[in-house]
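Both complexes shown next keep chain A, but they swap its partner, so chain B is in the first and chain C is in the second.
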Partner chain A sequence: MKFTTITKWELKNTLKSRKFMMIFVLQLSVLLLMIIVFNSFVTNIESDKGIAITPSLNGFATMDVQDQSGLISKYVNPEIISVNNVTTYNTSILRTENGLTTGFLYVQGNADTQIKTGETVNMLVYVDAADPKMSVVTNEANNTAKTIAQSYSSSLTTSANTQNLTANFTQETTGESLPLQIIKKVMLVILLFLPLLLFGNIIIDSIVGEKERKTGEILVAMPISHSQIIIGKSLAVALTISLQVLIWLGVLLIFGFSILNPLAVFVFIFLTSIPIIGITAVVAAYSKNYKEAGIGLSLAYLVIVGFLIIPVLVYISRKSFIANISPMTIVMRLFSGQFIAIPDYLLCLGFILIVSLVSYWFAIKMFARDDITFGPRPGILRILFELLTLKFFRK
Partner chain B sequence: MIEAMNKIKALTVKEGNDILRNRIYLLVVLVQVFILLGAFGLALASSVASDPTLLDQYGATSVLKVGVPETVKGTPLDAALNDQKLNITYYNNVTAAQNALGTSLVAVVKVDPNDPLNISVATDNSNIFYPIVSSKVGTAVNQYSLEEKLKSSGLNSSQIQQVLAPVSLQVVVLNMDKQTKLALNSPYFVEIMYGFIVPFILLLPFFLASNIVTDSVVGERERKTFEVLLMTPVSSSQVMLGKIIPILSFSMIQSIAWILLLDILRVPIYNSVPILLVLFFVGLAFIGIGTLLSMFVDSTKEANSAITIVLVFATFVLFMPLFIKTAYFSVILNFIPTVLIVKMASTPNIGLNMLMYSLPTVLISILIFILTIRYFRHERAIRL
Partner chain C sequence: MDSEDVMIKIESINKSFGNIKALDNLNLNINRGELLGIIGPNGAGKTTAIRLTCCILKPDSGDIIVDGSSIHDDPITIKSKIGYLPEEPNLYERFKARDLLRYFAELYGVPKDKIEPRIEGLLDLVGMTDRGEDRINTFSKGLRQRISVARALIHDPDIIIFDEPTMGLDPATAASIRNFIRQLKGKKTIVLCTHYMEEADLLCDRVAILNKGKVRDVGTPDYLKSKIHGDVILTVKTDSLLDQASIKEQIMQFESVGATKFADGTFSISLNHRNEIKSIVDVFGSHIVAINTQEPTLNDVFIHSVK
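Take a look at the complex of A and B:
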């Protein structure tokens, strides 16, 4: 009997399960939903000159405006401020004082003639100090004043005799803006790696499930080594994950995401799944039941996700070599078409190899120990102690 | 009547004890505090980093490193750039400065040696402070070129003054005695805090609650205690109330605690009573859906996967409206609970229409609740 037999059994089990298929399809629909969110988010931010990620509530703050000339009110940003045009000064002051509106913008009735005759137009903004949105309204009023000043200055200077003296000011930028990079690249790379973390349950089920269903004894009694059992089961999960990754890659490509080197991207994501499954197998081999495995898995995945994402963020802010230790960094660089030097690849692959070897060795060792698999189980501290005193290696 | 109350009370106490003994639940409650503090800190830091005036105020301008040619030193352009409080490094060699872009410089200002009005700026877009540096350099260059233009235009000084400032803005602050004590009086901070973080934090306990109640029915079935529960002389609605009241009250207590914590962090929440009312009904709907799911599925494992997917959709419905800019949705947007929470939390005085807008939430959640009880009766009929 070989480990491929175990793999075949597990795969058959997984693919035959109707629930698995349902979850598989639902995950795909979640992905589609995320793509929609993602796309609307990116267009939203790009239209905002890629500066800040703020909620875009319509009418977040309200402002009464009294401006008979119509000179000012047309410049107020309607996206944030909901403008309430009024004619009586006193009601608006009262409304502001009573907290019914955040602010009140007052412009003198003859503002348009004032500006034409070269007088400075006075704008008054009354704001309610009790309203936290005070700064939002003040800021918008300030921006409005600035916009008017700019448009007015440029119209005046072009009409005046400037002797064709125009400044030539050009701005060129290098690199993609940070919020956009985070949104476009980091979110995409997270989407690509998501399937790796969705299938922890299968490996938990196939190892802890044997313990809960009390079929573990029979499995161990079969003419097959412990290492073959663990490797066989892990391989089945790896194949399922690779299928999911392949579908997600396809969906993302169809939806027009630019993913260069898709094959290399796929290979790296697949390779990353191996140590993650290994770590999951360690948790599963130690856990007594589903509940314990669930807690252990959540903690382990928290560490894994942090370990994958933090180097990516480090790499975006400063191109350090060590950031390539995370396969996520390599995948992000691969799909954005960057040149990757051999040492960068080696660092990443070496790390994957080391974590895989250590985690599988550990999982197999734990699974092979009857006291851990069938109890009475030694505590975590006891195992750590055994590791430190090298007793673990002899058992 | 009293007997019924006693039955519900007994069930509530039992379920409440179960929840309080659930170590994962307690852990996640604690995690929420860290989420709140983390989000608050992040909002604070990013507000300072993206606001030029705040950055000046905190004296962090040394990070705004801009390379300027040596020849500009002492000219009006140099003065305009210095006015913007940039950290200026003078360079002689353009290529060296260009190479330093992205490492030791955020922007490089280049001036044509033959034409001082031909100015170009290269900025490193990937720097965190790029928006600030870009706007500051832009302002400086525009001011400089405007002044140069005006000098040669032959306008008199009062005319120049008017061109430079055609509009004067005066801010009058009312209700100074009732001033809000905000952690940071910046528009970005107010928008991100009230517009996203406040509704997110206040709803977190209910997301958690719906996860906990998925265990309620299917868990009883798995532990084979469901039959015993159904045999007891307790009516369906009593069972449901007994299961829903403890988790709903724990979630409400958490939300109240977060409101108090936000107040301590100086993000005051207005209209906390109407907000808690909205949260109560949203919570009822969440818990109702969780319980419904718990009746549909066969195992706790299945229930967990199902609720995760439901919560993804709920997140989409509740939080996407905060980030979408579409005019044709704006009517529906008013009815979304998160939008209501945002408006209530940040406005000292709300009108009656706000309560009207919360009616659909109330109706939908009552409907879900009734459906849960109905379905439980049905389930009971099958089992017995």
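Take a look at the complex of A and C:
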């Protein structure tokens, strides 16, 4: 069990390292920032106003309206034009001329009564031709007139039809809307999984660093197998990640996030870290230096992130069984308090197990190979060829 | 030699890196308790042979038996018996000297109660007791090499392998490292890989000359020296009036003369023994400007073997 010695010293050095502490604090700050952004986003989306996707034109133009019935001013879009109800014709004309309002809409008589009796309603729009915003006022006045006309003609058609049995339609909903689920659940699950992807540099430093500093030779000369070295180093990273996940879980709970089954959530995130570290170890074992490892890791993490998130989105929209293959789906269901059937768990755990076994086997095999560690290193295509021809397994 | 006296037996080892054959059917025995030097030019396969013995690399074919264990069957046991000092003293920069020794002691499985006394003893041996709490990244190359020696000895190994231990060190530090090796001589089986012929001559019981992945010769330094040049080289610097052809003819008549070379007015004569020196010198008569006798060095052996 000498890998525990490696784990102990790696962990000790990591936690004592100033660089690590800096990264740790920085990550926590980013998390706090994300929580604030996330909270305000959700608060807005849950409010009555909602969130306008297009920029608001509120207050862009103002219009004085003299309308006895108040019908016209009711139909003017307040997002575009601020309406100022007036009673004096001359004052509004003057206000328009002096630029105090963008335009003036005058409705003769009582529009409501006129429409009901089938009379034509005369409207006058008075604008300053020099004002570039005048077209907004004329357009809006025009649109308002059209809207009123359409709604009244529709009303007349309905009342004329004696067979009209239109029910008084009301809508009731259960649960959250799909966009809200995606934002609330997916964002929270991403926050929870983020530490797994932030500590790849530790395993890279731990394995590639041995090559770059040329300390690997003395480590390999120790009475300890290659597998124990890889497992010892990986375990140290897994423990560091679990510490970070614990802190993050605590922070999220303190900030009022609803996370049911926190212990099960923690266990699943920890289990997920094992294959991710395994894949990182494969990249590290093959890479000659930090630069290569960085490129390899970015590519690998793109695939991992895609693999984790896409099933979550699939699950939200379709409740598909196969979506449980991603531990993110299980974690999301766990913290939402959903019932999870045994096969769903087994699918996820089985996948974690298979990826872990394959990735660690690969990492150990690569680390133990003379040509990869001491050169001349075979290219990726050569390794793929060896895999296809089963030569890799014999080496 | 009794097989029980052989500590390391290298048997028909072959090792290639890509198209480069680093070791070509290498055979070598290293006896228990001896200090064997391995000398050879760059790329001769010295480091590869050492790495194979330490189970850092795997051979393409052949076997190495270390104290009865094969590198194929029991590499962990072999590793635990060897203290290895690689060519470059690359250590964990962030470690303090004592922590570094503790880390390796734990990896070697040194019993807990023995770790601290051993660390103190080794720091004392390498003269670094006062630097034990300093980080490695504050050490000079000489200090790094000293702490590396301590690291290689932390588990009190039966076999110690030094790969170029004095390379790039100042003369004083190199002398202190040689002194550590001398202190260990006779108590441990030591393999010393070096470029410095004087070092091998001074320290080693036997020397193996490696070239192009093969052992060219092996024996005691005296045996190797005598094998190439005989016992002594007589150099006679002469004036320009000398008839060198006639002199050479006369010299070759002596029974002790092995080979004769003439260059830049100087005769270099290899002699099997010293008995005829006076008679040979007399041949030169009044043409002698300077005369000197010179023992062959391991350097001569090395150049002769690898040319």
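Convention: the second predicted complex is superposed on the first by the 271 of 395 C-alpha atoms of A that agree within 3 Å, B and C clash if a C-alpha of one lies under 4 Å from a C-alpha of the other, contacts with A are read in each partner's own complex, and residues count from 1 in each chain.
Assume a residue touches a chain if its C-beta (ideal position, glycine included) is under 8 Å from a C-beta of that chain, and two chains touch if they have at least 3 such contacts.
Keep in mind the model is a prediction, meaning the values are calculated, not measured.
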First, second, both or neither for A:73, with chain B first and chain C second: neither
First, second, both or neither for A:91, with chain B first and chain C second: neither
Contacts of A:374 with chain B and chain C, given as first, second, both or neither: second
Which superposed partner A:108 touches (first chain B, second chain C, both, neither): neither
Partner chain(s) touched by A:261 [first = chain B, second = chain C, both, neither]: neither
Contacts of A:60 with chain B and chain C, given as first, second, both or neither: first
Most chain A residues touched (candidates chain B, chain C): B
First (chain B), second (chain C), both or neither touched by A:227: neither
Chain C-touching residues of chain A, taken from the complex the two chains share: 2, 5-6, 9, 13, 16-17, 213-215, 217-218, 220-225, 370-371, 374-376
Residue ranges of chain A in contact with chain B within the complex: 19, 23, 26-27, 30, 33, 37, 40-41, 44, 51-52, 54-60, 72, 79-80, 93, 96-100, 102, 115, 118-136, 138-142, 145, 148-149, 152-153, 156-157, 160-163, 165-178, 181, 201, 205, 290, 295, 316-317
Complex interface listing, chain C residues touching chain A: 17-18, 51, 54-58, 76-77, 79-80, 82, 84, 86, 88, 90-95, 103-104, 106-109, 151
Complex contacts: residues of chain B adjacent to chain A: 24, 46, 50, 101-102, 115, 117-128, 130-131, 134, 138, 141-142, 144-146, 148-150, 152-155, 158-159, 161-176, 178-180, 182, 185-192, 194-196, 267-268, 300-302, 305, 309, 312-313, 316, 320, 322-325, 327, 330, 333, 339, 342, 346-349, 351
